[in-house]
Every structure is written in structure tokens, then in C-alpha cells.
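Across the two complexes that follow, chain A remains constant while its partner is chain B and subsequently chain C.
Take a look at the complex of A and B:
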């Protein structure tokens, strides 16, 4: 088990190294630099800017310098927001993105699991079809369509909630629904499948034969097994929710990390692109690892399999 | 059971409504309190006037700081700023500025000529890496100090004559020099606060943070939350504070024009930075009182790579321009009040009136193409039209493609690139025809016509002409307006005859503005000095 954990952490570090290196060289391969403007700068000004940010050095030297810096937790200065460091910018946006992600995940779990359980326990009935229809709709509606639609109905027509911002509790409702709906739909489908499959297992039949109530079977037996694929999905979903909220942040004018990320990409702000990539990669790798650990703790079969492999 | 559910739904809805934020629908209250809420495009990249470029930065910095010359809200002339008056020597090279006796910084310190000397020295210090340093290359020895060949700043043409007067000496008489002084990179800086936060070259920008920033304009920085809001409050120490009626300005950085328009409609903003092109028509057909369409000092054009075949033939370039239906393009495609261009320099700059005409004459265009060896477009190679990603650029490029196919029988292939890639392609000459635009920095024809000087940093057309460059040099020293304008006219005529560019239309600015906003007049440079703005609550 410990060996497995060590191996898993080492894999994570390797993935991070690969992502950083690939991003570093790829952004430098993209045509156009951070100081290219609609109106060209005089050559001497351009030279000085490149020198200031060490972009006049050979690329490999820039790469080793950068690696050295990030080992000390310094992600460098932003090229475009000249008076802030990348660390400061990430700090300014991450907590809001994090808050949005946590709410969206919570919303997705509550709605998704409820719908999934409802559909799974009513397999083949109109309830099942309704729940799955709703989930299909949720998956099919991209956030750039769902967001404006919700804003139009609840913000503009009914005037119940603000159309943008991240201040009052009401302003958070639409972004959370917009971001969380796709994940709620996936979770509903996973949960339903898990329940339907588990209910056909022999041990459930045994439980029923022993005279246990449907509620007790669901809570005591079915859910435990049916939740495994859900857990598997939650790790990457949590990472994606925390990192992939750019569209929602832009739609609702939320000052999170996603907006910085895309602004940086369009502006060729090398250090900011790299900094956010490093940060988000750490998040994704960590969440995936946590999801693996969680799955192992919940499912003895995987525990035995992994243990067997390693022994 | 059903009754219970209904009750719960009602409770939930009332909770939702009761916890609704106060930031959106309280525009009437903001108006009464003289708090102006305005969309400001992208988040600003900083507040250091020497380290930023860009329009959103201009909006904020020109609210917080003030230069020697003030901005006229109607864009008609020069108003006193920090300088209450100025004198220009006969040879046009020496300017003497007398300061307002009560010009003060937001911390109460007096604004003195040394503040300008300090700021201009900083702007010209190469190690700072200021992008706008070249604006002060007009100063005597400005460029020499920047490139390091001169070490002693005392020899640069700016010095404090007394605690109330500043003398500026130029390399050449520069007729538009006072216009440059309205532009934020030339504003003064507060030496004490910059030095106490790491000195003039420190890159962490601590001196520009709320609580640290000392400014001399009508407003001072109160709050700055990245990607959320920047709040400026009236500066009680400002020399003309009695003129300032707004109490506060909230600049909202909004990347998406659609989101901005929704915010305006829901009552969160007094003004939008822009309006999506496809919405202009809808607002116009509703006769909306919010819609503003105003001339803007900018030109949309196609640049031609004259170093490449077949555009190295002047007749081909002329044919492309003659076969361009600018009126139709503007009236049927853009529909936002743009004016078809007849020159490269937009009209409205002082007394300079471009006299060139760009007619739509398909017969003449076909004739010229035939003379160039391509009758009816036969044998004409397929050429590429490069445009950057953008809401309306594709539609416009397709219209051009159709127009030239129909009028001249030539095939144009469309090439779309991301902004930075497009800039790189243009710079390296990897294009045949490219969409382009140019916005004037100040009210002078030179800000447009200087583009096409030989080896000019922004001349990617491969075209140059010694006569053109010579005339431009003469405009830099000619102090008589009439003679100077005559030189510009000659340059314009030569440019339109040689066609390294095809001007299409003069820009307009389309945006939404609440009728409560007063003192907001159309201005060619789209600068609306906040000191003259105020909010008039609607009659009850």
C-alpha cells in the first residue's frame, strides 16, 4: 500500500515535470511575443524589454532558470501586468475560482446524485425517463448557452438575481448552476447506472430475501457499490471545476483565475501562462491522486488487486 | 403534500429575492450620490503611467493624474492643466510653462516643476523599459539620454526655472508637442512616494496600490480589485476641485461585450465601453435613447504588400481600390454610422481637410487590371487576405472576397489568425493583403501619415517614396499651419495615388450611455475628462 502510494506520487511529479516542460517550449513556439503590439515599438525599447525579462537569453537557459525559480515557489513577474508577480495574480483569483468550484461541485452532487438515485430506483418508469431526459439536456447545453439563457430568464425578465458579479449570495446562484449542471448530469447518469447494475447483484437479492426494506438495502448495500464509479469521476471533475470555469467567469464577470489564464494566453504573457499551468496541473494531479486513494479505501477489491500487484 | 411543496418553493423564492445583491439595480441611488459606474473593457495592466499602454489604462490614469495641458471635454482645443499658461519661443523650440499656484498632490504636497523633471527622466531611463519613452525623443537630447550616449540628464531639454515654472527645449519645433502633453505618459509623478516604495526602477508596483498611490488629478485611487472593480474618489486637494461634481467613479473591467451590454440593460452601468456590432441595428430600430454613435479618430483599411507580385504593380493596387464599394460596405454590412473613407487621415483634425477622393469605378478598375495583364481577372494569381480573429472580421473579409470576384473576376483566399500570430505575420511581411486599423494618439495629421515613411516601424507595406519622407520631415519643423497642412495634403494625394493601403471607412464609436450622464460630449479621441462629468437624476 505504501509502495503503491509512493509510486503514485512519483508518477504525479513526473507528469508535472512533463507538463511544465511542454508548456514552456510550446508557448515559445507560438508566433508573436508578449511585446508585439498593433503599433510597433522602437527597436531600442523592444530590446530593453526583452533584456528586462531575460527573453534575450538562449531558450534552454531561460528554461533552467525557470525551473530553478519554481522550485523556490517563485513563478516570476507577469509580462503584461508589469507591477504584479504571477504569485500575486494567482492569489488574487484562486480563492474566488475555488469558491465557485466548491459550490458548483456541491450543487452537482446534490442534484446529480438525487436525480440518479431517483432514476435508478425507478428503472424503466416515467420517473427514470424524466430524470434521464433532464440529464441529457444538462449535458447537451454548453455553459455559454445555458448561462445567457438563465441570465435572460432570471436576471433580465424576472429580475430575481443579478446578471453578473460575485458579491451577494444571489449573484452566485446562476454561475453555480451554469457551471455545475453538466457535472450534475454526468453524476446522475453514473449514479443511475451504478444503482441499476448493483441491484442485480446476488448480495442484493440475498438482502431482499432476508426481508430488508428497500430503503435499508439502498443505504446499506446498493449505494456503497454504486458510488464507486461516482468517486472515480469526482476527482477529475473537482479538478476540472476548479480550473475550467473560464467561460462562466467571463459570462458572469467573476474575478477568478480562469479569466487571468485566458487573458494571459491571448497576450502571450509567458510567465503567467506557465504559472497558472503549473498551479492547475498541481491541482489536477493532486485531485486525481486523492480520488485514487479514496477509491482504494472504499473498494476492497481494488485494494487487494493493487496489493497483489506490488507484493 | 402539494401544499407543503408550494410553501417551500415560495419560501425559497422569497429568500432568493431578499438576498439579492445591492450592486445591480441601484443605479438610481448611484446617480443621486454622483457615483458614476462605467464599463472599461479589459482589466488594466497597471497604473504606472510609464509601464502601461492601452485605452482602458488611459481612461483610469487620466482620471487620477493630470499633465501640463488639460483635455477639452468637447475636444476643441487646449485647456490649462497643471500649467495655467505657457509661452512658445519664436523659433518654436522653447516652451515655458507657468504652474497653477494651488496645484497639489492627493496627499496635499504641492505639484512642482521638479515632479515633471523626475517623471520625464524616469520615462527616458532605458532600464525602466517604458514603451512610450519615444514620445520624449522630441526633447533636446531626449533620444541621446535614452540610448546611453548622454549620461548627464541636466543636458536634456527639461528644467525647473523656479518653483512655479518649467522650461522645455525641443530638438526641432514640433507643432503637435502640446497635444503630446495631454497624453498620460508625460504626466508628473510624485517622487516621494515612488522612492519610499523601492525607487523609480522597482518593478513590483507597490507605489501604485490603493493607499500608496499619490496622484494629482481630479480623482484619487480608493480601491482596486483585479478583474472586479477599480474605484476612484474625488480628490479634495485637486487645484480645480470646485469644478468636479462626481463623487466617485467605478471602472468595471468587462472582457465580454455581451456581458457588458446585459449589465447595462439590467441597470448596473451608466455607460458601456462598446456595443457588439450586431446589437447596434436593434438599438437603432428601437430609437433607443441610450445608443450613441460618434465619430472616432481612426481608420479601417487594407494594407497591401507592395513587395509581392502582383501587388508590386501600381495599376493592380489602383484597380483593387477602385473596385471597392465603400458606401455599400458601410451601409449594408456595418450599419453603425461609419463613413466611407476618401483619405487615410480621418476628417476633423483642426483645419486640415483631406481633399482626396476614392471613387467606386468598376469600369476604370477593369481597364487598369487589363492594362496590368489580367483582362477580366484572367491569369491573376489567387491572393490571400489576412485577418485576425474577431467578431465581425470574417464577415467583412467575405464581403471583400465577393466584391473583388464580382467586379474584377479575381479570387481571394481568406486567412484567419489569432491576434498575436497575425501581428507577427504582418511584421515579417508574410501576407499579401491584410486588414488593419489605425487610431490617432493626438489631433495631428502626422499621427496617421507618418506611418508610411521609409523604414517606419509600422510600415509593413514595403512601399516608400523619397518625396513623401522629405515632406514629412518638413512638417516636423514647419510652424505655419497652412503650409504644414499643404504638405500633408501632398502626402495624402501621393499615398492615395500609389495605393499601398486601401482606406475603407472612418471609425465611429458605438456605445450605450444613460441620459442621466451630463457633460459627455462627442469627442474625436473619445476622451471624456471626468472632471466635467456629472449625473442628473431623472425627474420624479
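Take a look at the complex of A and C:
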């Protein structure tokens, strides 16, 4: 099992290395540099700038320098906002992004699991069809459509909540719903399928033969099995929620990481783009790893297989 | 004294092809402390009967008739009354111990659950009872076993776990649906002997279902043979083995390995097959396969009842003449 854990961590490191390298070279392949946008800088200033940021060195040397620095957790200075380092910029935005992601995940779990359990325990009835219809809608509606729709209805027509920003609790409602709905829908579906499939198992009949009430069967026996696919999805979902809020942050003008990232991309702020990518890749890889470990802890059959494969 | 009285039980499954009758007009009694063996080929409705007795049939099922147990008709039970008697007054041992145990729960927790939910013991007492019961059944290290998950145990251990789970609450009625088919012969014997001992000691009654008449002949006091959802013969084990009244029973007995004539060139086996689900022949439903069929058998059926414990669905049994033909 330890062997498996080590292998899993190494795998993660490898993925990170690949993503970082790929991003590094892709950005430099893209036409244009950070200092040649419509600025009309004098030639010597331009050269001076390139020198300060070591952009005059061969690309490969830039690459090794960069790798060396991020091993120490230093993501370098921002090219555009020269007064701040990338680390500082990420720190400024990341907490808001985190907050948004955590609320959205919480919202997705409460709504998704409730709907899924409700549908699964009412398999084949109108309750089931209603819940699954809602979930289908949630999955089919991308956030760049759902967001404006919600803003239009609840922000503008009804005027219940602010249409942008991230300060009062009310201002956080629409972004959270916009970001979380797709995941709520997925979770509802996973939960329902898990319950429906588990309910057909012989051991649920055994539980009934013991004289357990339907509620006790659901909590003590059915969910034990049915939650496993849900848990497996939570890791990737958490990672995606924390890193995937660019659209929502831009839509609602939330000063989170996503907005910096989009700005950085427009400005060709190499280190900012790279830094954010590194940061998010670390997050995604870590969450996926955690989710695998969680899966391991929940499933005794996998837990006991020495080095069991978790694909 | 009666423990269980089944009267005119009908069970039908709703399927895409319409209603499939699984049990047809079945009536029988089970005495206190008695072991009733139920025999019959695959598809004769044995499992459907067992599940009906426990109220565990799926929702696409229609059940009619009466099942009298401890002064009430089980078929009138609501969810709450079922919940109260299942696992405490009546319990079931399922066929496949692997699939009927929860894969992600420890064996110990699964075994003691009936005791806990019916308030028959606190966790500590329940654990001790489980340990004692497993040890008595010949588990060498019951303590470890309680901590294990089903996949860590052998088939024999799992089967004992399933049995312990059913008997710990000391039910009055135990229903076992092919409890040992998954086991090797030696383990099967041990388990059966233990179950028989337990029934004798506890005074509980047992419905023991098996397609293996050989196993039943070692276990049962009474034997009932089912064919296409009907009881075709019922009597004390000795009586039925010695003098089967129904040609189907006769065929089942003659196809037992122990009954085969050593000098015969071929094994005896029943001719023909059980008709596919739902199609019930007219008259006596066994007539297409019956070696002693007469014209009357194709159109009419008749129950011959010597007394409540001895009956047969073969109208020719009284003459005893089918045996010579």
C-alpha cells in the first residue's frame, strides 16, 4: 500500500513537470512578447527590460532558471505589474477564489446529494423524473448562459441581489449558484445511480430481512456503497471548482485568481500565466491524489490489495 | 401445535410478457420444532415462497392467500409490523453468502445488527453471543473473523456468518433457501449438522429449501415436493421416501445418486424439462412429463388428502396403479 502511495505521488510530480514545461514553451511560441504591445517603448528601455527579466537569455536557460526557482516556491516577478511578485498577486486573488469554490462545492453537495437520494429512493416515479429533469437542465446549461440568466432574473428584474462584486453575502449567492449548478447536477446523477444500483444488491435484501427500517437501510447500508462513486468525483470536482471559476469571476467581476489569470493572458504576462498554471496544477494534482487516498480508505477491498491498481 | 399455516398462497410476477405464476394455490402447515424440507427443480417457486414468507418479494409481485404466523396473517402486515418481526421472530438464511453480506461492513457488525436493532442485547453482549455462536460452529478464530470484511473470509466462514446473523436473535421461524449449495461437501455436512442441532435445542421451526433431495433426507422431518408452483406431495420424510405417492417425487428420488442401481447402464433422470416460465400445462401440470399419464390427467387435476400432513396432487395415487405401468 505504501508502495502504491509512493507511486501515486511520483505520478503526480511527473504530471506537474509535464504541464509546467508544456505551458512554458507554448507561451513563448505564441506571437508577441510582454513588452511589445502598443507601448512604443524606446529601443534601449526595451532592451533594459528584457535584460532585467532575463528574456535576452536563450530559451532553454530561461527554462532551467524557472524550474530552479519554482522548486523554492518562487514564481518570479510579474512582468506587467513590476511592483509585485507573482506570489503576491496569486495570494491576493486566491482566497476569494477559494471562498467561491468552497461555497460552490458545498452548494453542489447539498443540492446534488439531496436530489440524488430523493430520486434514487423514488426510482421510476414522478419525483425521480422531476429530479433528473432538473439535473439534466443543470448539466446542459453552461455557466456563461446560466450566469447572465440568473443576473437578469434575480438581479435586474426582481432586484433581490447585486449583479456583481464579492462583498456582501447577498452578492455571493448568484456566483455560487452559477458555478456550482453543473456539479450539483453531476452529483445528483451519480448519487441516484449509486442508490438505484445498490438497492438491487442481495445484501440490501439481507438488511431488510434483519428488520431494519428503510431509513436505517439507506443510511447504514445503501449509502455505504452508493457514496463511493460520489466521493471519487468529489476530488476532481473540488479541483475543478477551485480552478475553473474564471468565467464566473469574469462574469460577476470578482477579484479572484481567475480574473488575474485572464488579465495576464491578455497582457502576455509570462510569469503570471505560468505561475497561475503551476499553482492550479499543483492544486488539481493534489486533490486528485487526495480523492484516490479517500477512495482507498472507503473501500476495504482496495485497501487490502497490496499496490492495488486504482484506475 | 402449528407454527405456520399457509393457505391458498398465490404468487405472481409482473413481467414484460405478462403475469408469471410462481406459486399456485399452495397450502401447508409447519409444526413447532419441525424441519420442513421443500424440494423441487429450478423454477418450481421455492425461492418465491421463501421470500413471500419474509415479505421480501419485489414490488412487481402479487401475493394472495393467507400466511398465519403467531396469531396474525403475515400478508396483512404493514411495513412497521414486518420490521418488528423480521430478524427477531423470523429470520432467513440466503443462498449466496457472498452477495448477501455487505462488502464494505465488517462481519461482526453485520452479525450483531439484528440483536441491536431489536433491542435484544447491548453491543458488548451481542459481540460475546456472536463469538460464542461462531466458535460453536467450528470457527477457530472468531475474534479475528468479527473484524474482517466478507472478501477476507472463506466461503465456509461466510456461510457461518450468515447463519449466525439469522439465529442469534433466536427466531421462532427460520427460513433457509439453499443455504449450503455454495459449499464443498464436508463443510456442507458440518453446517447442516449444526443447523439441525440448533433447531432441536431451540425449538424453532425451519423451512429448508433445496433442490437436492439427498441433503433434505438428512435434515428434514417433513418433506414437501413442489412442481411449477404447486405442492405435489407432502408427508413425513420417512413416508415420502419409502412410498412416494406422486410420480414426480418418485422420479426425483430415483435420480438420486444413492438410489441408482449400480448395475444399470445409465443414470436415471427425469424425462423432459420444466416448461418455460408462465406456461402451465392443462390438467395435472406434470402430465407432459409423467411416465404414468392417463387421458383424465390431461384435463383434470385432483388433490388426494389422507390427512393434513399427508397429501398428493396425483389422482392415481389411491389406486397405486401408476407404479406398475
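As a convention for this text, the second predicted complex is superposed on the first by the 300 of 311 C-alpha atoms of A that agree within 3 Å, B and C clash if a C-alpha of one lies under 4 Å from a C-alpha of the other, contacts with A are read in each partner's own complex, and residues count from 1 in each chain.
Throughout what follows, a contact is a pair of C-beta atoms (placed from the backbone, for glycine too) under 8 Å apart; a residue touches a chain by one contact, two chains touch by 3 or more.
These numbers were taken from a predicted model, which means no experiment stands behind them.
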item	value
Combined model on chain A where chain B meets chain C, clash or fit	fit
First (chain B), second (chain C), both or neither touched by A:298	second
Chain C, chain A and chain B - angle at the middle CA centre, rounded to the nearest 10 degrees	160
Which of chain B and chain C A:216 touches, first, second, both or neither	second
Partner chain in contact with A:127 - chain B first, chain C second, else both or neither	neither
Partner chain in contact with A:207 - chain B first, chain C second, else both or neither	second
Which superposed partner A:155 touches (first chain B, second chain C, both, neither)	first
Residue contacts on chain A - larger count, chain B or chain C	B
Distance in angstrom between the closest Cα atoms of chain C and chain B, superposition on A	23
Shared chain A surface residues [contacts with chain B and with chain C]	none
Touch list for chain A against partner chain C, complex	201-203, 205-214, 216, 221, 224-225, 298-301, 304
Complex contact set, residues of chain B against chain A	13, 16-17, 19-25, 42-43, 45-48, 51-53, 126-127, 129-131, 133-134, 146-147, 203-206, 208, 225-228, 252, 254-256, 258-259, 262-263, 265-266, 268, 418-425, 427, 437, 457-458
Chain C residues touching chain A - in the complex, by the definition given at the top	54, 56, 79, 82-88, 91-92, 94, 96, 99-105, 113-114, 117-118, 149, 151-152, 162, 165
Chain A - residues contacting chain B, complex	30-33, 35-45, 48-49, 51-52, 77, 80-85, 89, 92-93, 148, 151, 155-156, 159-171, 173, 250-256, 259-260, 263, 266-268
